[in-house]
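Everything below concerns the one structure shown next.
When the chains are written out, they are named A, B, C and D in that same order, and each has its own residue count from 1.
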Amino acid sequence: MAVVADRQIIHETEIRPRHYLNVNHSFWSWFFTTDHKRIAMLYLGTITVFFLMGGVFALLFRLELMTPEGDLFQADTYNRFFTLHGVLMIFFFLVPSIPATLGNFLLPIMVGCRDLAFPKVNLASYWIFVFAGMFGVGMLASGGVDTGWTFYAPLSTHYSNTSVFMAAMAAFFAGFASILTGVNFIVTVHKMRAPGLTWFRLPLFVWAQYATGIIMMLGTPVIAITLFLVALERVWGVGIFDPAHGGDPVLFQHMFWFYSHPAVYIMILPGFGVISEVIACFSRNKIFGYHFIAFSSLAIAVLGFFVWGHHMFIAGQSVYTGVVFSLITMLVAVPSAIKVFNWTATFYGGNVTLESPMLYAIGFMGLFTVGGLTGLFLAAMGMDVPLHDTYFVVAHFHYVMVGGMVMAFMAGLHFWWPKMTGRMYPEFIAKFNAVIVFLGFNATFFPQFILGWLGMPRRYHAYPEEWQVLNVMSTAGATILGFGFTLAIAYFIWSLFYGERAGNNPWGAKGLEWTIESPPTTHNFHHIPTVTEDPYNYTGREEVNVQQ
Amino acid sequence: MSNFLNFPIIPVGASTFAEKVDPLFYLLTLMSTVLTVGIFMGIVIMAAVFRKKPGVDRPSQALHAPILELTWTIIPTIVGLGLFVWGAVLFDDYIKVPEGALQIDVIAKQWMWKVQHENGMREVNDLHIPVGRPVKLTMMSQDVLHNYAVPAMRVKQDVIPGRYTSLWFEPTKTGAFPMFCSEYCGTEHSLMGGTVYVMEPQAYNEWLAGGPKVSPQEAGRFLFEEKLGCVTCHTGVSGARGPDLKEVFGHAVKLADGSSVTADEEYLRESIMEPAKRIVATFTPLMPNFANQLNDEDVANLIAYIKSLTEEEVVEVETGAPAP
Amino acid sequence: MSSNSVPEIGPSTPYFAGHFEDVDQKIESDILGMWLFLAQEIMFFGGLFTAYSVYRHAYPDIFQLGADQLNYLMGAGNTMFLLISSLTMAMTVYYTQHGQFRKQLLCFLATMIFGSLFLVVKYFEYKEKWDHGLVPGLNWDPHTVDFAAANLTSPPENLKLYFILYFTMTGLHALHMVIGIGIGIAIFINMLLWKKYGPNRYMAVEMFGFYWHFVDIVWVFLFPLIYLI
Amino acid sequence: MSVAHHVPAKNYVINFFVLMILMIATVVAARFDFGGANLPIALAIAITKTACIVLFFMNVRYGSPLVRVFAAGGFFWLCIMLAFTLSDYLLFTNVMGSPTTVAIP
């Protein structure tokens, strides 16, 4: 980062030529930084490392699944690979991805303040995350863990010989990093808004982050205590989930999913926020149904807590409880569906251009639609029975998590990269890459829907021969997907050094973040702005400010 | 090449539940396809129609259509509720066991399924059932969570330690259908499967009468651990009431009278049928006489099991894996 | 914090607003942030209370038997200590806001002392459980428990479950007390040596008070649920 | 300090004595057997005590509506978790019927 030269930037209106990246180059200025933008960049670097690690594990076990016999790796190794893929991707990539990077960077700017409400807490959140990451590395170094990312008792508490303790503690501490981020976001949105920035002038990204913050604050502690109990049981030798003295493994699942289902919304809601911004910008149009999208984020955050039991229809849960959970699950699907319709309607009457963020956003809409619709299969109780714990579920949540969240993350990263670094990435390669990722993704996960309907269970190291063709397709797709993400990382890093300089507002976008310098100065604004207009005020004569 | 492309995409349905679930699945698939293609086409068409044309400076104009928004709020809600009802009705069917179901007990452990039929007939991993009659499995796990899943029947159910769960289905086709453990249960999760054999009732009855189709070792283990309870004395720990039988077969045994004997089939048989005859040193003659209770096959099975104890030990030493 | 002039810290120095617009914004943010943190804490303990409820529902006789093994007078004494410390804590905040430094110091000292007394009693309680062989996993030999008289319908070994919950819940609560006393000592040193908190700077004390009261609330539920019924 | 609230110290002391009385009440109530009512009584007292602490010691009584919402929200969310989890256990009826002849241990 520190290499970015600043000498060429001469802004006429600029009083201080320095920005947040070059204000101080010393190690400690990064280590102890309380600047939300620097913390966002630190987070971005860290989660990229974890994303790569998780991705490598995914590729390795996809390679294993090329052949039905399970001959490339031992079953033990395979089990560790998919567990590590899950643990790293969920706790160390998906949960912090958009909130801790884009959210951290943009939220204070979008609400028009100098920093998050508690900058030191924000820094603490990052270092707690790194501390958790050290447990994660410890878990890898001590041979990994093979319980699946769900840590279901009593396999995790008594029967696994791997370092479940390390994994549980890693997720435990990563949870606290997430809680602190959430608390910071909520307070910032409530208390730090610029004058004139009423709730309904907030960008939808902020609404999404606020809703995410609520889930992080109320949901994460429950997984923390649950994993703490698992870790305790490993150390102590006895525990509350042990059936030997009356413990109930199903209770573990209740406590686990109380967080882990809302966690799905931690992972997808920020994506909704990003997509709203990107679609509005590149359609150059007011977002259709602003209020609805804003409130639906909150509705999803709240209702998302009432649906966890749909993971447990056939796990020994009471049927009546299952019925309630199924009903609410159907209802929580509705706001998501309407969001997709609203985004589509935003195109109407706009001036649509297809830059790379927009391509990713369109990819998101397609893939998320598939992910959401296949969720209906699983939410209908009777239909869930044959599909539960098969590759259908795997495909479904990858369509939501990768097709949804990761695509949204890519869209957001491309969209705000010029703002974050002051540099443009190579646009043509980025567009090409969006197509690669989209195709690679579908090739990887679409066959898994069919595999799931055929009955292939999850987490299988060896499988009957007739399923090989579909698995080979999936592996081939994974390779393409892996290539796509590697290419993206490569050109982002390239752009840091050689990218064209971006102006303050390369996309001609609306929003407070585009009114300040790229990259922003340490405290974002020279004067706290007073907001006088609604968000997405693209209609009317457009002021294009493309500096190319 | 044609062979390579000839892979299944539609699973076999072989139960009454499959007949009920499949229509919902295909309807949902149709609906999803139409919606996905529709939305994607919508996006593409809109992006094309409203694309920014070079040189044309057309101000954007936002769509304002509350009726439209209301429409696509209400319709998904109704569809969602409809799906919920359909799913719940299906589930109701899935859990309500019909009268006269065949009762079968299943015990899961890492990594095998032990099945016992009503008449005491046992099998491991496989399940033999008659066609056209509801079958109810009552299941429990001895260690971790497992899941009994038969894709062709479209059923599955978690098997939980410390709790009974059950599962029923009514097969409609004869044949062999694969069965899987569908809840991740540790190292050999993917090998913890078997086959469900659906037979004509006549064939099933014959099979049921045919005696245990299990290996002699397995049958012996059942006698040893469960039916006869030998294991209560021959626990294998020091201080037990009976001698440890691990690594006995083929080894010399010191007797109470000071002499010693090689524990071969002959000696083992004698020890079972007339235990007091030649007592092992340091033990008291407590063991009851089994001569009236066991037939020759049982004894052979027991001996096969005792043999296997020794062999297992040897195998484990060879592979270097320490016994737990 | 961007300002070059770091104000000298003293009881009469107003808050330094930092990146906030003004002091009110800072105070409101602090209070809201603390409440969000406490909501998080509620859910953290909530997981344990959920487990407690489920098992209590499943094995009411075991929980009755378990509660009989505890010394409810020790629990009541501890409740009293915590309530007194809560009062003195509230008074500390009051005197801080009113600039009465001697009383502030004394009240805060009392808070710390009663908090420590709680831990001392807790130590004796744990020791008694150890002596009676009621520590699952480490020293489990419930020779003092009269299983026969209890007329159990649940398996007797389920008593372990009760004591696992007992140690986890009270242990986690005690851990919060230890952390509280640790932070409290730091605040006390600031009060004693530099008179850092006064009418214009009391947020640190008030926030600490919130935490302290919250730990008290947890005990308010733990005491009847574990010791009494 | 415009948001500073100056509650008379007397309030804290009164609150303390109320709490002590409630504590004694909960101990005494537990000594008697009210059948199934012991748990609700104990919980009611605990909730009252919590309300006293939250409202008066923690000044939520004088706090902004936002603070009240979030203070109540934390407890409310815990109730959601308890209610839904317990619903599983309270409503648990083995619809499939009890086990029949499970002979295999």
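Everything that follows uses one rule, which is that a contact is a pair of C-beta atoms (placed from the backbone, for glycine too) under 8 Å apart; a residue touches a chain by one contact, two chains touch by 3 or more.
Predicted, not measured: the structure shown is a model, and the values here were computed from it.
Participant: For the interfaces A-C and A-B, which has the higher count of C-beta pairs in contact?
Facilitator: The comparison resolves to A-B.
Participant: Which chain has its C-alpha centre farthest away from the C-alpha centre of subunit D?
Facilitator: B
Participant: Please find which chain has its CA centre nearest to the centre of all protein CA atoms in view.
Facilitator: A
Participant: Which integer distance in Å separates the CA centroid of subunit A from that of subunit D?
Facilitator: 35
Participant: For subunit B and subunit C, what's the span in angstrom between their mean Cα positions?
Facilitator: Whole-Å distance between the two chain centres: 48.
Participant: What parts of subunit D, by residue number, touch at least two of the other chains?
Facilitator: Each of 66, 73-74, 77, 81, 85, 89, 95 in subunit D touches at least two other chains.
Participant: Which residues of subunit C are in contact with two or more other chains?
Facilitator: 28, 32, 36, 39-43, 46-47, 50, 54, 58
Participant: Give me the residues of subunit B that touch two or more other chains.
Facilitator: Residue numbers touching two or more other chains: 95, 165.
Participant: Report the residues of subunit A in contact with subunit C in the complex, numbered from low to high.
Facilitator: 34, 113-115, 117-119, 121, 179, 182-184, 186-187, 190-192, 217-222, 224-226, 229, 232, 236-240, 244-248, 251, 254-255, 258, 522-523, 528
Participant: Contact residues on subunit A for subunit D in the complex?
Facilitator: 190, 218, 222, 250-251, 254-255, 258, 305-306, 308-309, 317-321, 324-325
Participant: Within their complex, state which residues of subunit B touch subunit A.
Facilitator: Against subunit A, subunit B makes touches at 4-5, 7-11, 17-18, 20-21, 24-25, 28, 31-32, 35-36, 39-40, 42-43, 46-47, 50-52, 57-63, 65, 68-69, 72-73, 76-77, 80-81, 83-84, 86-95, 110, 143-145, 147, 149, 151-152, 154-158, 160-163, 165, 178, 180-191.
Participant: Taking the complex as given, what residues does subunit C use to touch subunit D?
Facilitator: Within the complex, subunit C contacts subunit D at residues 23-24, 27-28, 31-32, 35-36, 38-43, 46-47, 49-50, 53-54, 57-58, 72, 76, 79-80, 83-84, 86-87, 89-91, 94, 97-98, 199-200, 202, 209-210, 213-214, 216-217, 220-221, 223-225, 228-229.
Participant: Mind pulling up the subunit A residues that touch subunit B in the complex?
Facilitator: These residues of subunit A touch subunit B: 70, 75-76, 79, 146-148, 150, 152, 154-155, 159-160, 243, 246-250, 283-286, 288-289, 292, 313-316, 319, 322-323, 326-327, 330-331, 333-334, 337-338, 340-342, 344-354, 362, 365-366, 369-370, 373-374, 376-377, 379-386, 388-390, 450, 453-455, 457-464, 466-470, 538-542.
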